[in-house]
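For reference, the structure I am asking about is given below.
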Amino acid sequence: MVTSLPRSKTKKQAAGPAAAARKKPTLNIAMVGHAFMGRAHSNAMRQVNHFFDLPFEVVPKVVVGRNLERVEAAREQFGFEEASVDLDAVLARQDIDVVDVATPNDTHGPISMQALRADKHVMCEKPLAMSLKEAKAMAALAAKGDRKVGLWHNYRRSPAASLAQRMIARGDIGKVRTVRAVYLQDWLASADAGWSWRNTKAVCGSGAHGDLNAHLIDMTRFLTGLEFVEVCGAMETFTKKRKDGAGKSRPVDVDDALLFLARFSNGALGSFEGTRVAPGRKNHNRIEVSGEKGSIVWNLERMNELEVFTYEGAEDARGFRTIMCMDGPHPYAANWWPDGHIIGYEHTFVHTLADFVAMLKGKKVFHPNFDDGVAVQAVLDASLKAAETRRWVKVPG
Amino acid sequence: MVTSLPRSKTKKQAAGPAAAARKKPTLNIAMVGHAFMGRAHSNAMRQVNHFFDLPFEVVPKVVVGRNLERVEAAREQFGFEEASVDLDAVLARQDIDVVDVATPNDTHGPISMQALRADKHVMCEKPLAMSLKEAKAMAALAAKGDRKVGLWHNYRRSPAASLAQRMIARGDIGKVRTVRAVYLQDWLASADAGWSWRNTKAVCGSGAHGDLNAHLIDMTRFLTGLEFVEVCGAMETFTKKRKDGAGKSRPVDVDDALLFLARFSNGALGSFEGTRVAPGRKNHNRIEVSGEKGSIVWNLERMNELEVFTYEGAEDARGFRTIMCMDGPHPYAANWWPDGHIIGYEHTFVHTLADFVAMLKGKKVFHPNFDDGVAVQAVLDASLKAAETRRWVKVPG
Amino acid sequence: MVTSLPRSKTKKQAAGPAAAARKKPTLNIAMVGHAFMGRAHSNAMRQVNHFFDLPFEVVPKVVVGRNLERVEAAREQFGFEEASVDLDAVLARQDIDVVDVATPNDTHGPISMQALRADKHVMCEKPLAMSLKEAKAMAALAAKGDRKVGLWHNYRRSPAASLAQRMIARGDIGKVRTVRAVYLQDWLASADAGWSWRNTKAVCGSGAHGDLNAHLIDMTRFLTGLEFVEVCGAMETFTKKRKDGAGKSRPVDVDDALLFLARFSNGALGSFEGTRVAPGRKNHNRIEVSGEKGSIVWNLERMNELEVFTYEGAEDARGFRTIMCMDGPHPYAANWWPDGHIIGYEHTFVHTLADFVAMLKGKKVFHPNFDDGVAVQAVLDASLKAAETRRWVKVPG
Amino acid sequence: MVTSLPRSKTKKQAAGPAAAARKKPTLNIAMVGHAFMGRAHSNAMRQVNHFFDLPFEVVPKVVVGRNLERVEAAREQFGFEEASVDLDAVLARQDIDVVDVATPNDTHGPISMQALRADKHVMCEKPLAMSLKEAKAMAALAAKGDRKVGLWHNYRRSPAASLAQRMIARGDIGKVRTVRAVYLQDWLASADAGWSWRNTKAVCGSGAHGDLNAHLIDMTRFLTGLEFVEVCGAMETFTKKRKDGAGKSRPVDVDDALLFLARFSNGALGSFEGTRVAPGRKNHNRIEVSGEKGSIVWNLERMNELEVFTYEGAEDARGFRTIMCMDGPHPYAANWWPDGHIIGYEHTFVHTLADFVAMLKGKKVFHPNFDDGVAVQAVLDASLKAAETRRWVKVPG
């Protein structure tokens, strides 16, 4: 059953001759899932055309879920035209251009592949899959067709990360030698924090690892352009049981923290830590990259600022610079507000969608895509295995 | 002439029985002006219902300007239903509930008053007026009727400012004694920066003073709850001539920087500086308030973080805390993203609009309103006069 | 084989042929006063030859006070050879080369002048004098003779301040336009903090002003090379009575906080605040200087770090740099520890003494000297008068 | 009246009746080695009695080296009474109480043991030994006698580290769960940096590892009170050849960077990195410890500041506090300057010596001692072996 809302005279349709010249083809998106990530994705859909000049007008067309009442509430809240509980029917529609997979982790694979088979472009929430095998199957399927695929590793497009990648790519810090990356949160620091599906291996695959280290791995690949070659690691679950909503004690079978070391394709070394038990760290995703000629520090909580050191200029005037990245020459800055007016978490989704939509015309490959997802999954799997088996594990190439 | 776009089946109208139960009355906004501030205001109008549970559904109904083509482009870009170049006609409409004044400074007064006389609620961009006399006339007019009025002093509702105000109001830092406030930018540091209307007294009244010190004054009143009693100051125009777009040298008759000292109603002292010639400072709006029992530091460029010192706790463990303000217990945090996921400049407008809309029902007075605008204008006038006359000037009460 | 060197009166005397070549003339210092500042001065005397290659060997010869037992304890503690309560006799001695005035403020003038008349070099603790008149008399007396005089405005020679001055002098930030300087402490924030001579105008002349603003004024002159032309200000005593050691309530007749604005010789503007009632600020002496081409920020509590902004380099890579100033090319760094090993408060006295001693040979003029003290006093007097009379006051040239 | 005290061999000897009461026994120190570390050690010897009230008067008695001319120059520079090239003779003297071993790494063991056999107290520069076997032999020898032994792991007694240890020991952050520790320098980042003995395994045992990770290991044991149980790691030499002073290319057979993971006695996890090739990091020794109830961050370059988070106080007022550690209630603060006046690198040696000297009377055990050195060496060895063999290695208990 579908709450079908025939899209009315959208503003461009009614705008008359002047607007006609500007009239763009629509890009209808069906979003599957409508929890937290759906909130961020749908925001990007509503906002992107107001701030980016794109070849399409993005339309949040239909939101798909399981429970009609909740889907309908999501439709209202998130600004979709229609709500549906029939995914098959939605995928069968000719007017749906893109499927956005915003469901829990264990359905990313099946839904993405179903959408690809239905000849839709696909944007998938991270992690791409529950296993490397599944991820590879997804990437293989995507490679067969001409549909574009993307992963919502949105932090890549935070202001400072985009700038950092540009700088490293143009050689500002030289060849990369060491990476130190941590993603620290504290919402499970207290033994009183409740049990949830996020504490269950069957649903999540892992704990802090898949949730947080996945970001570090993707960002490190993005920033440095390097591949992980081998890893070793250790993990711990500090609180072994937690109470669920009903007050029942439930076992926790995923990691609270997982640390690993890595060697990269060019011989560089890195250390990584994902933890949910670091008091005071709310969303402390910080990556420091040292190269031959300089260093950069990126920090999600201060995503508008980048710290950079190089040996340029007078010898007595060197130091880490704090660059306010929402300034004229910086990536995406011109699309938003005047110099020095910061943006936030949700904007990274808008940037991701804008770039994805811009690439739907032409042959450019969007990143991060399913191949990137495979690469991340390979490192996640290898480092989890390394932690479990207490030995170095090669990352499959 | 109006490009009237009959609003089509809005989503709620077509949502059927389930949605009907949730159906809210619309609140139609006419926005006058569509330059930079219009961009921020309209964003708030589009976003507010997606993140706040309000008694009305806000509708960006009509955008009003002078040049039809540009107004129409703004309508498209900002997501209004209609575009118009006939303000009188728009004000005459019964279906317009709120007029948002987003025009250049010199028309804030006339348009706001015209809107009030047309029985509309009014949200006015700051500064309220070009002179204290005009500001008072506006406030007097507002006081006569029952229409609600507000000023877009949006920084009040940045995460850290809202928290700071809550803390000071509940006594965390005790009675306020000293305030140090600076708003530093650098876009006029270079003598090569071009001339614009912002360098002309006839249009702006003043330079950095009205633009930047207005924010400091409003924020100081908001944070401390104190009134300015008397001021002295000094100003300077470091670059006396600049070239306009045509390469013609034009005189600059407004201040590049204006510094002033103030004495407050409770005997506290403060220093203030607005400047556009501080290299490296993009949008450095920083206010430090010291009280009897503690201190707070607010900084727009890190608006998600508040620094606070109190004498609480173990004597050897005291220090300025950096509070990540997008966390569970903080103002507005629950409306956005998970803990530690930051928001940006535009959200302060969403907060402002959300609070204004929430207050349209009931008798609560919204702040900042025209009375607050009068108070800010009184301090601006007094400090400009103080700088011009080189003496202490009482701020009219 | 042992080179056994029985410790003689001074190590160099017994060093034999090899040492003889290195043998330096001694420079005997008599230090008058032995409270807190004496502790810092004497440390500099003991340390300076171990870290600086100077034309003299500095000898902490005699410490002079009023109470024999306490002077003797100071001699022991501070490492002087002799203790004395007879200043006249000490000044009459031929073997005393330098008199260091480390007494309370009200005797700086008389003792310095007495020492000059006795043909001694003089290093005087700041403030130079209790009044501008006295300061000028001191400077005039110093100018008549050939004895070198210096003021212990030691912060000038903190690592970051020395570097900042070098940078500004060589034009890194261009012509100075604005200065914002605060010296914030909190030891009088509590009304329970006890009364002391520091709360008495008769002894100190003023409160936070003479104590803290004196530093800001000297540092601003040092960093910028500019002179203060006129000032206006305001001051407040928030706690009007405090209890002395005996529990007796005593009036406080000096300022807790004094803020002033200044105009400089080149048209630049500045704001200044000295306060002892800013909770959480222990020794927060921070000066930000903005020029045409850049800005610097100096902060005593992080005196090993300088923040600098310039427009050099790639446009997208600009930001305030944090320079670790104890590194190869920085002032004084080579005299201490390896790169990145910080120094502290007391080292600024060692640097001051080292430079003073180095200049005793030759005709170079040491700064800060009594003329600098006069300049500081002139600004202190003018700003205190401005605060008292509530008007702008010219700083006598 | 003058208390004229002709300077005698030691000031206390001539101080007369009053001083006699204060007269303390001397503690004569023989320092072996006089390069960089000798500079820091001797400074501590000269300074310690001026700032700490100790049961002994510390006398820098004799400095011992190999080259007479250079030893003599060191004697002069560092303030020793005597210079010697005959270690045996010095150790045979009855008047030598303490032997300070400040030689290159490969002689720490032999000289320390020789000194112990000569019945001297021993302070040894870190690292304790070249191998775990040697370290254990040293500790065993020390355990046999009643002489006190200490290691110059001076960072333990930096202001913030001392405070951090106090806080963790009293339970402020609860049971420790994760540690992230890095010691980053950049003096070998450039391939042009010259070859030295520090690049030779035969002399140093390892590169960044023994030099920098040794500090991290000691500090982690000190701060947390935990023991390392097992480790795995990876290392890299990025520049394989460097030119020596004569321009000859020499192989580099030690690590530029070594990273390792560790599991601790209580199940906690940690990551560690020592590198000399991190551009912009001069002496960036930073350790973050997360416990059940809070976190602390210590940073050598800002050793006067400690960052601490706990869940105490109002829920909306929590954040990492930056504690200025040179304040009334903090360790060692009262021995130096007023609140907020910072100290530096060399003071950590003064603190170490002060505590060592204070413990020479009584039965208290000084830390860090040779047992601590053994523990550090065990972790260094294990992590080097882990990096070489690419597997987890147990740390011998």
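For reference, chains read A, B, C and D in written order, and residue numbers begin at 1 within each chain.
Note that a contact is a pair of C-beta atoms (placed from the backbone, for glycine too) under 8 Å apart; a residue touches a chain by one contact, two chains touch by 3 or more.
Quick caveat, the model's predicted, so the values are computed rather than measured.
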{"item": "Those chains which touch subunit D and also touch subunit C", "value": "A, B"}
{"item": "Result of counting contacting C-beta pairs for B-D and B-C, higher pair", "value": "B-C"}
{"item": "Maximum centroid distance from subunit B, chain identifier (CA atoms)", "value": "D"}
{"item": "Chain centre separation (subunit B, subunit D; CA means) in Å", "value": "55"}
{"item": "Distance from subunit C to subunit B - Cα centre to Cα centre, in angstrom", "value": "44"}
{"item": "For subunit A, residues contacting two or more additional chains", "value": "281, 310, 318-320, 324, 327"}
{"item": "Graph class of chain-chain contacts, one of line, ring, star, complete, other", "value": "complete"}
{"item": "Subunit C partner contacts - residues on subunit B that touch it in the complex", "value": "173, 177-178, 180, 182, 184, 189-191, 232-236, 238, 256-257, 259-261, 263, 267-271, 273, 275, 277-281, 290-295, 309-311, 318-320, 390-392"}
{"item": "Touching residues on subunit D, where the partner in the complex is subunit B", "value": "163, 166-167, 172, 305-306, 308, 310, 312-324, 327-330"}
{"item": "For the subunit D and subunit C complex, residues of the former touching the latter", "value": "1-7, 9-12, 15, 18-19, 22, 36, 40, 43, 46-47, 50, 68-69, 71-73, 75-79, 81-86, 89-90, 185, 187, 281-284, 301-304, 324, 326-327, 336-347"}
